[in-house]
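Next up: the structures, one after another.
You will see two complexes here that share chain A, one where it goes with chain B and one where it goes with chain C.
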Partner chain A sequence: MTSTTVRTFRPARSATSRRKWIGAAFAVPALALFGAFAIYPMARVFYISFFDYDLTSAPRWVGLQNYRYLMDSDSFQASLTATVFYVGFTYVPAVLLALVLAVGLDTRLPGSGFIRLLYFAPVAMSWVAVSIIWRLVLQPDGLLNTVLGTHVNWLTSDSSAKWALVVTSIWKETGLFVILFLAGLQRIPPELREAAAIDGAGRLAIFRHVTLPLLKPVTAVVCVMAVIRGCQSFSAQVVLTGGSFDTEVINLYVYKTAFESARMGRASAVAVLLFFVLLLVTIVQLRIFRSRER
Partner chain B sequence: MTRHAAGSVLRKPAEAAPAPVAPPARGRRRRRGLGRGLLLYAVLLPGGLVFASVFLYAVLSAFKPADEVLATPMRWLPSSFRWSNFAEPFEQVAFGRYYLNSVVVGVAVTLLNVVTCTLAGYSFSKFAYRGRSLLFLVVMATMMIPLEVIYVPLYALIFDLGWVNSFTGLIVPAGTSAFGILLMRQSIDGLPDEILDAARLDGAGELRILWRIVTPMMGAPLSALALIVFMATWDSHLWPLLVGSDDAHRTLPVGLAAMQADNAGTTGIPMLMAAAVMALLPTLILFTLLQRRFVQGMTMTADVK
Partner chain C sequence: MKQRRWISAVMSAALVAMVSAACSSSDSGGGGKVRLTFWTHTHPPMIDLNKALIKEYEAKHPNVEIKYEQIPNTDFNTKMLASLSNGSGPDIINMDDVALRGDYIPKNLLAPLDFKAMGADSQKAIEDKYIDGTLAGATGPDGTLYGLPTEFNATAFAINTEQFRKAGLDPADPPATWDEVAADGKKLVAAGQGGFNFLYLSAGQYTQQLQILLNETGGSIVDKAGKKATIDNPQGVAALGIWNKLINVDKVGNAHTASRDATAPFADFEAGKTAMTIMYPWGVGQIAQDNPATAKNMAVVPLPQVDPANPSGRWYGYYEAVNKASKHKAEAWKFIQYSASQSQRWLTDVNFIQPLKGWAQSPAAKKVPFLPVWEQAYSQGRFDEVGHHWNEVQDAVKSAIEDTVLNGKPADASLKKAAETINEALPD
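On to the complex of A and B.
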């Protein structure tokens, strides 16, 4: 009796440890790719930011010079301003609009699927294709001026080019946030709102005191996503303005510094700063939404 | 028994209680329904049509002769539908090549992600080895490293490897994603261990279990992952611009942006619109068909935070 239990027990134990090794091995392909193409470059970006490096000749140590240059650089400051303007005026309205649309679209009435698709469609279109389409819409004799009855040179003036990008991007991005909000709304049990309605709460009160608090986790994700996506913006600026007229956002600035001026070190310094800003903004946003939950 | 009885006793008055209140509640609900319908059909439908009219404008412009696209006053419909505008991109630039490249890169990146994320998700979900949670944390932390932060040294690495202007350079660095691993881990977590143990008792190897038992039950998350990765790859512009800018390796976004730069005047507009519309159709169709999967994938991973 005892001998048989021991006999079956021992191979079972070595089998579990062997199984663990196999299981760990399954993570290796992904980990190897992350190591080579995310973590190693992440370490390198800090390192290179202390060098003058043009990719072909040997990197030359310059200490903090790249960072000092950026502090005094007008074009860098301008790209920061352009980014803050773009992110703020695109994503704040897009998120608010998305919330309103999601509340309205949270219904199973006939035709609601089709109406949703009208708003979702830009999500499935590539940024470059959308930007090419909007380049036509924004022409002096294009759709936008025709509809508004204006004669604005949307793409060729300092005062309006940044708004052209904002309008294009709101059109492209709102749908994504509607999708996320809508999924969040549909997970709120209808009984909660019904109970509040029976207690005599008005529609606005229900929205403010029942729906909105329950949407908080989704809102947190949406806000973090919005800032990160905003700072990644690139294609719309390349296609619509090429970065002229105060629209050279941070990402385009990095690209031009690295690949048009061949200053990899300086571009890396910008990337490092961008990384810390994104990290900080994400932490702050998550904290705001978490503390309000309590 | 007694608990059951008590439950039913308790339930009865609770069910009965709303009955006298029901008529006003129903009335309110009907009014709410009416308000919803009004909001949907009188506000959101016209709003949506205005929203989508931008796309319609682009599609109709793609059929116009060059002198009609920016005619004043603006006309929605072309005088005649010029299908030849859609052939022009293939004649003037290597549009067919760009298209093929986008399909090849999109499919390859998607397949790689499906494989690496399933393997890693399975590993992080069902095997209790040392360091597992630390490794998973590291993977999740890479979500905070967008391409925009690391592409300068990443390009330097690809340059040193000799992968510039190659499909390897376009595909391999995008071969896995933290998002996908999270999605697969969350989904595989839902599988009971007993099923896997039963298969082990039958002598099945771990890879066989993954392939024969786990994967077939992961249809929904896998298609969500594939859809989201394919759409993101199809949209990707910056990275292909860096490592695939020659004519043989250009994907659609790179090719389209170059066409735009070469056709600054108005004569090229119908061709550009035709090219843009053709370029966005595959993902638009996929998204329309698989909308629910997209939502599923996006929300499953958004849940964790």
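On to the complex of A and C.
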């Protein structure tokens, strides 16, 4: 009995093991590419952040000097403030607006597919194209001032340029979150809402106690994406303001520091800090959503 | 099965052959052909002449092939520096003196001028052909020369004579001081004509314009040692004050509505939105090409001054230089020599003045419009200040101008903030 078991078991384990090795072998090219084009550059950025490196001469070890500089730098702190402002005032309204629109569009009425497509259209456009369109809209004699009857210098003053970027970005980004929320809404079985309605719950109560809790996984993804996308913003600032008027977000600061000022070590230090901040924020966001699930 | 193996073998061999061919191709191609790459910024009249010169040079030197690329002005310095740093840069570089003196020469990225390849006995023999001081834009601290100028600019002023007449002003009596620019500008605006404005484009251009005013008020951006910001001294405040007064007090131009297209710096002047603008020799050529109607009504006059009895101006130049990493330095210098030898065509075709001794007496110079004005401008100019990490200094200057001119902050406060940022950027 025992010998039979051994005879039947050994070949099975061997086959499984072989399949695992073959599977691993197939993954090697992808892993190698990931290692070469993602892991190595990241490790290199960490490494360079401890050097003074101007691209044209050999890197010089400076230890934590780049990090110490950033802690005292007014321009770095200004770019942090600009980033927090941009992320907060763009992505909080964009996510809330997307949720409202998604709930409104979660219907099978004729034409709803076309309306969803319209909301998604800005997402499919490049940031540069969107920014050029909005640069025309935001000109002193552009569409926005004409419609509002105002004379606001949207792109050339401290008081309005950051809001111009917020408006542009909400227009561009909301559609993406609408699609994500719609996908989440359509996975909620209609019977749950019907049952709640039969039990006497109103629309608002159904949304609050049935829909919203069941949307938590999608909401978590949306929130994480929103923060990461906000911190990665770059193109709109370059095209609309060039970083002037308190709109030099962190990515633009990194670009200017690295490629205009040729301070690669300092730029790498900013990138490292940004990486850890984003990692921390993402962990906190996911923990908040998980604790609410419990 | 055999057939499939055979096809596979042939395909593998073809792939190996293609890869080998790709790997073996270099800038010295078959038949000993020398392939040079040449980068310039974008300026349509210059591009046309460069293309013509390359064609002629290649016809005279069949063993040389020149790949000519134009990089948008706003990205030019960044791309050039990045490419030189990884060894992929062009053989021939066309770059402004601020970048050369601030970055390229101190960082040892350029090859010294090869006077032997250019058929001269010494560097001095080349230098002797040029007006004293004009090669300083491409000269290292030890006196080594790294480039020859294709264009050398001095600063003047342009007015639209038709708009002047419509406003009841005499174009033959142009403004000689900034106060007169304000007075004439107010009359022009009141008559429904264009006034005056500065350019609001790159940080470099903001800085160059403030440098014009700093030269006139006796101010500077940093001290002579390049160790400390001086832009917030009274002369600096006075310089920014002139700019601010023209725009926000006299209201001869609107900084918010000015064109911000870096490829068309004279767009507002060409469109009649301004009747006065700061002018460079190359600008005359560009306006003539882009807008002949405006060019017909344009007069170039001396740059307005704070003190006309003690005039000043700024010089800047673009120099052709050779990448230190080039494998064909001698061939690159030979092409530069050919380009530099066409000074008459640079004048007639592009309005680029090369500061060769006696240029103003040459046949081509006689055809240059407003020649006496340009001669005067050259006689009173000087190169801009420059130093380490000058990009950061220029960014700080731009922020100060925007803070005051576009956001209404007092000039002294804006410049104090700029000085702090500049001091942060300067080496200890």
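Everything below uses one rule, namely that the second predicted complex is superposed on the first by the 273 of 294 C-alpha atoms of A that agree within 3 Å, B and C clash if a C-alpha of one lies under 4 Å from a C-alpha of the other, contacts with A are read in each partner's own complex, and residues count from 1 in each chain.
Everything below uses one rule, namely that a contact is a pair of C-beta atoms (placed from the backbone, for glycine too) under 8 Å apart; a residue touches a chain by one contact, two chains touch by 3 or more.
Computed from a predicted model, the values in this text were never measured in an experiment.
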| item | value |
| --- | --- |
| Partner chain in contact with A:76 - chain B first, chain C second, else both or neither | neither |
| First (chain B), second (chain C), both or neither touched by A:158 | second |
| Residues of chain A touched, compared between chain B and chain C (which is higher) | B |
| Partner chain in contact with A:260 - chain B first, chain C second, else both or neither | second |
| Touching partner for A:30 - first (chain B), second (chain C), both, neither | first |
| Chain B versus chain C as contact partner of A:181, first or second or both or neither | neither |
| First, second, both or neither for A:129, with chain B first and chain C second | first |
| Which of chain B and chain C A:57 touches, first, second, both or neither | second |
| First, second, both or neither for A:86, with chain B first and chain C second | neither |
| Contact residues of chain A, present in both the chain B and the chain C interface | 55, 139, 141, 259 |
| Interfacial residue positions of chain B with respect to chain A in the complex | 18, 21, 25, 28-29, 32, 35-37, 39-41, 43-45, 48-49, 51-55, 57-58, 61, 69-74, 115-117, 119-120, 122-124, 126-129, 132, 135, 138-139, 142, 144-157, 159, 172-173, 175-176, 178, 181, 200, 206-207, 210, 231, 234-235, 237-238, 242, 252-253, 256-257, 260, 266, 269, 272-273, 275-277, 279-280, 283-284, 286-288, 291, 294-295, 298-299, 302-303, 305 |
| Chain A to chain B touching residues, read off their complex | 19-27, 29-31, 33-34, 36-42, 44-45, 48, 53, 55, 101, 104-105, 107, 109, 111-112, 115, 117-130, 132-137, 139, 141-143, 146, 171, 179-180, 182-184, 194, 197-198, 203, 217-218, 220-221, 228, 231-232, 234-235, 238-239, 251, 254-255, 258-259, 264, 267-268, 271-272, 274-275, 278-279, 282, 286 |
| Interface residues, chain A side, partner chain C - complex | 54-57, 73-75, 139-141, 153, 156-159, 244-245, 256, 259-263 |
| Touch list for chain C against partner chain A, complex | 77-78, 81-82, 84-86, 103, 107-109, 200, 255-257, 389, 391-392, 395, 398-399, 402-403, 406-407, 420-421, 424-425 |
